[in-house]
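Each chain carries a letter (A, B, C and D) given by its place in the written order, and its residues are counted from 1.
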Amino acid sequence: MAVVLGPNRYGKAETRLVRVVRDGGVHHLKDLSVSTALSGDMEAVHLTGDNAAVLPTDTQKNTVYALARSRGVDQIEDFALALARHFVDSQPTIRHARVEIEEYSWERIPPAAPGAGERRHSFVRAGTEVRTCLVHHDESGRSTVVSGLRDLTVLNTTGSEFHGFIRDAYTTLEPTTDRVLATAVRARWRHVSPDSDFAGSYREVRRRLLEAFAGTHSLSLQQTLYAMGRSVLAGRPEICEVRLALPNRHHFLVDLEPFGLDNPGEVYFAADRPYGLIEGAVLTEDAPGAGSAWD
Amino acid sequence: MAVVLGPNRYGKAETRLVRVVRDGGVHHLKDLSVSTALSGDMEAVHLTGDNAAVLPTDTQKNTVYALARSRGVDQIEDFALALARHFVDSQPTIRHARVEIEEYSWERIPPAAPGAGERRHSFVRAGTEVRTCLVHHDESGRSTVVSGLRDLTVLNTTGSEFHGFIRDAYTTLEPTTDRVLATAVRARWRHVSPDSDFAGSYREVRRRLLEAFAGTHSLSLQQTLYAMGRSVLAGRPEICEVRLALPNRHHFLVDLEPFGLDNPGEVYFAADRPYGLIEGAVLTEDAPGAGSAWD
Amino acid sequence: MAVVLGPNRYGKAETRLVRVVRDGGVHHLKDLSVSTALSGDMEAVHLTGDNAAVLPTDTQKNTVYALARSRGVDQIEDFALALARHFVDSQPTIRHARVEIEEYSWERIPPAAPGAGERRHSFVRAGTEVRTCLVHHDESGRSTVVSGLRDLTVLNTTGSEFHGFIRDAYTTLEPTTDRVLATAVRARWRHVSPDSDFAGSYREVRRRLLEAFAGTHSLSLQQTLYAMGRSVLAGRPEICEVRLALPNRHHFLVDLEPFGLDNPGEVYFAADRPYGLIEGAVLTEDAPGAGSAWD
Amino acid sequence: MAVVLGPNRYGKAETRLVRVVRDGGVHHLKDLSVSTALSGDMEAVHLTGDNAAVLPTDTQKNTVYALARSRGVDQIEDFALALARHFVDSQPTIRHARVEIEEYSWERIPPAAPGAGERRHSFVRAGTEVRTCLVHHDESGRSTVVSGLRDLTVLNTTGSEFHGFIRDAYTTLEPTTDRVLATAVRARWRHVSPDSDFAGSYREVRRRLLEAFAGTHSLSLQQTLYAMGRSVLAGRPEICEVRLALPNRHHFLVDLEPFGLDNPGEVYFAADRPYGLIEGAVLTEDAPGAGSAWD
């Protein structure tokens, strides 16, 4: 039996980096988890344990910290691109780099009193959602950038229906014209080019996702998903593809009749498992090929 | 050998309740996890399995939903008190009730455009912190209320020192006059009376905790803890005791010297474990006895 | 308003220690998470930030590692006692030490072939349960030891009933004479003395807990809890108190009638939340006072 | 701008099924989490919310329970295939089904005494690892089966080296000829055919993974990964591809020199993050195309 080595990569996962910028007495904060993964001439290390082509994951971690100092961290996409390019450019045996970053958001603790100056170096975690990016760069010089967010948890108390579906021998669900629709948005969007205004793009995509979720009278979560993706593509020419994964966090109306009470859409049980899971991609018709962008 | 039954309780944990109020077309949302626990005449059930004195945990769950409908949910402390009193008053075998509630915060999704009206039924999860309460009520009619919060994550990039500590044979830590101080605040505060303006109290306690964390030039996390507790007691006469648990989430300055780089308080490694853990209580001198308030 | 400092402690939580013993070519493994917490003369540090009485949590961590080397780690209770006594004995300002340890179990990877010798240095994690201990030692020389385990997950597919309970206006639960009973055992037991054969004691207590769970025809989870505690006390004179927390992991029989199928105790939905939670203590009649043993 | 719908699927995730077989008084137990996902004629539901082609996720859940009753659950791969085929065969609008199952392992609670009969209906969770499978079936009749496991946590205390790697400006890691090698194995393996003895195959693959991990003197984790994959392929002709993801759970030797102690491979700090992550595939040279098997 002949055996061959298939696709492989290695790297350092979840390097936790907090970067402070001291602008006089006013400090700024970036809080990241950085995962790097490299591919290239890796036959020897797999077959014989010869590490001559291996850049240790410890060195990858050091590089994250060193570049955070030497070039700073602004938008995570730009920092990921810089890391990926550094790795591919620095060693001939490294032919491809993949960098994934999560960013946790902070805001300034409010002033002690109205009229007091802004806090200069005190912060509080803001929001549950996490901003993400996934960057690939290879020896041919091609870079791809996917931006995203996860755990943006949203809920409509009305404006959601679900009926007209297939009924078979295992159907017990009743159609409804008014239900709670709740999900924790996992969205990722592919940029046409690695040169983009990532800060502005992120802010606007996020706004559009929220707007489409809230503004769509929904006959199914798929319809909402598509509306969210379409809204992003319609308004953001720098983006050519959106992928969404929307868990349907079921909120079941509690039957209060046994207690002599009605329940006109007021008391719900929020279930954990199982949950619906709706996944889909929306693209512009002329989206370039994705290559390894989503790997 | 003679064996006796010691302290015991039983209940339904983490009943997930979402309560919607429909004020015309404008909806309001409460998102809770409710845990009830009852004590009383429980010898028989333990010794022989005789359930005659047992109110099933399933019934406790039903009661949470029914009271959410019939009386509504406003402040979690008031809802917990209503539940606890209901249980103790409804059955002679139930002599004590303990109700613990967590509340997850939501805010309205912003309007589609400046000038557009407020969203009426669309929400997004706000913040990582969770509001909590713990209520006890017993057959003598005594009620105690502890309010609180957890996962209020805060960080000062400067204004924190640590030196002058004991040095022994196992000491390697260097003193510092400038470090990052970060923690996820777990705070609980005991009310003098079960009749309180819990909404206003919560808002002000939270503000004071943040203010004291940000406003204290810290020589140790204990000093910050005490300042936080003292500030709450100083400004809120309805509260007689504050308990705080502050994990010291270490941010280690990365040594960049091997790479020819300095690191003047800019690049940190955020460590997971181990972490410092500072716990303490601060009381008013005339605080009444706590009884079972903290159990 | 006069404010006073209440109970407090500080320490290093979750120091992850893996201790290898190299007995010639045969290696042995201990995998621990150690949490230390000290109390004593802590007024100054809280009120003014004066750290003169503070043994830094970093030093506590170092001490864990140094003692692991110098005295070795055998039973976690003995190691915790050694740590607690070291802290209290080493510094006059430390008046009380609390040490909590979790131990993760490993077993040897089986031999490559029947008849091949035992693996000498290769291990695989065994079981989901975690062995625990909680030790207190104070300046008066008193030590207390509580041993325990958590996440010992067990399930009886029959031999469990639940009926004869209170019925009120919020009752919908039907009585049953045959249900699944499942729980993740959290058990802790207090030793009469800090000098004990902790290895043998642990093995036998665990065996008795399993035996009582499996061997009790249960009319309520409280009855099972009591039987578990009583069995431990009946057979282990070194133990004077057992505390148990048993989540009732509900397994609901799925209604298959809509699909023309019966369901004679064969197909269950395992629910996450809410869950019942049964907590109780069982003591010998002559158990000495617990002091701070459970804090 | 023209927008198109890309790949999509929808289903019910993490349906928790416990299946009991009552063989006279002797009971058997299967504990599963089942996730189903369907694809097909889904344009309308995305674009207009027309659900005519949608089999609700609630119905998918019901089907899991109904088939668990009517056909029973033996090997998870066979159950997943039955589900996938049912969905594709039952509705013309469903063109592809993906079923993922996790199985949690249980063993019988040991007899009360040596010589006592085997427990008939009492179980305890065994091991931390989870058995998995991923099955695809489409309207052309093609089925693919990937079996696997996760969280098989293993550790070698010696027999692992790491040296000869690239050194660059960011390298600080020292080469070593003796280190701890620990990982939580995530392995998945693709079957040549959907007709296989999945029980025997799983048992042997697991044995080979452990054997290769323990039996390989490792110069790098990649070498160990490849040896594990190769061993599976060498011994199991029913398998054509193995994919492994091995987090390198770093165990750092603690520097005890400041305390006057040596540390000859005895005291380690087990780190959480960051961690190395080594991922790779090993295939037989004549492995058929994977199609959507890994999606």
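What we mean here is this: a contact is a pair of C-beta atoms (placed from the backbone, for glycine too) under 8 Å apart; a residue touches a chain by one contact, two chains touch by 3 or more.
If you're wondering where the values come from, they're calculated on a predicted model, not measured in any experiment.
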Please name the chain that ends up farthest from chain B once chain centres are defined by their CA atoms averaged.
D
Between A-C and C-D, more contacting C-beta pairs sit at C-D
Chain C and chain D have mean C-alpha positions lying a whole-number Å distance apart equal to 29
Gap in Å, rounded to a whole number, between the CA centres of chain D and chain A:
24
Centre distance in Å when chain A and chain C are each reduced to the mean of their C-alpha atoms
38
Two or more partner chains touched - positions in chain A:
16, 62, 66, 170, 172, 258-259, 272-273
Could you please specify the touching residues of chain D with respect to chain A in the complex?
1-16, 33, 35, 37, 42, 45-59, 61-63, 66, 90-91, 93, 162-166, 168, 170-173, 218-223, 225-226, 229-230, 233-234, 237, 241, 243, 247-248, 273-286
Per the contact definition, I'd like the list of chain C residues that touch chain A in the complex.
169-170, 172, 258-260, 272-273
Which stretch or stretches of chain D touch chain C in the complex?
15-22, 27, 29, 31, 62, 65-66, 68-70, 106, 109-110, 112, 119, 121-129, 152-159, 180, 207, 210-211, 213-215, 251, 254, 256, 258-259, 261, 263-272
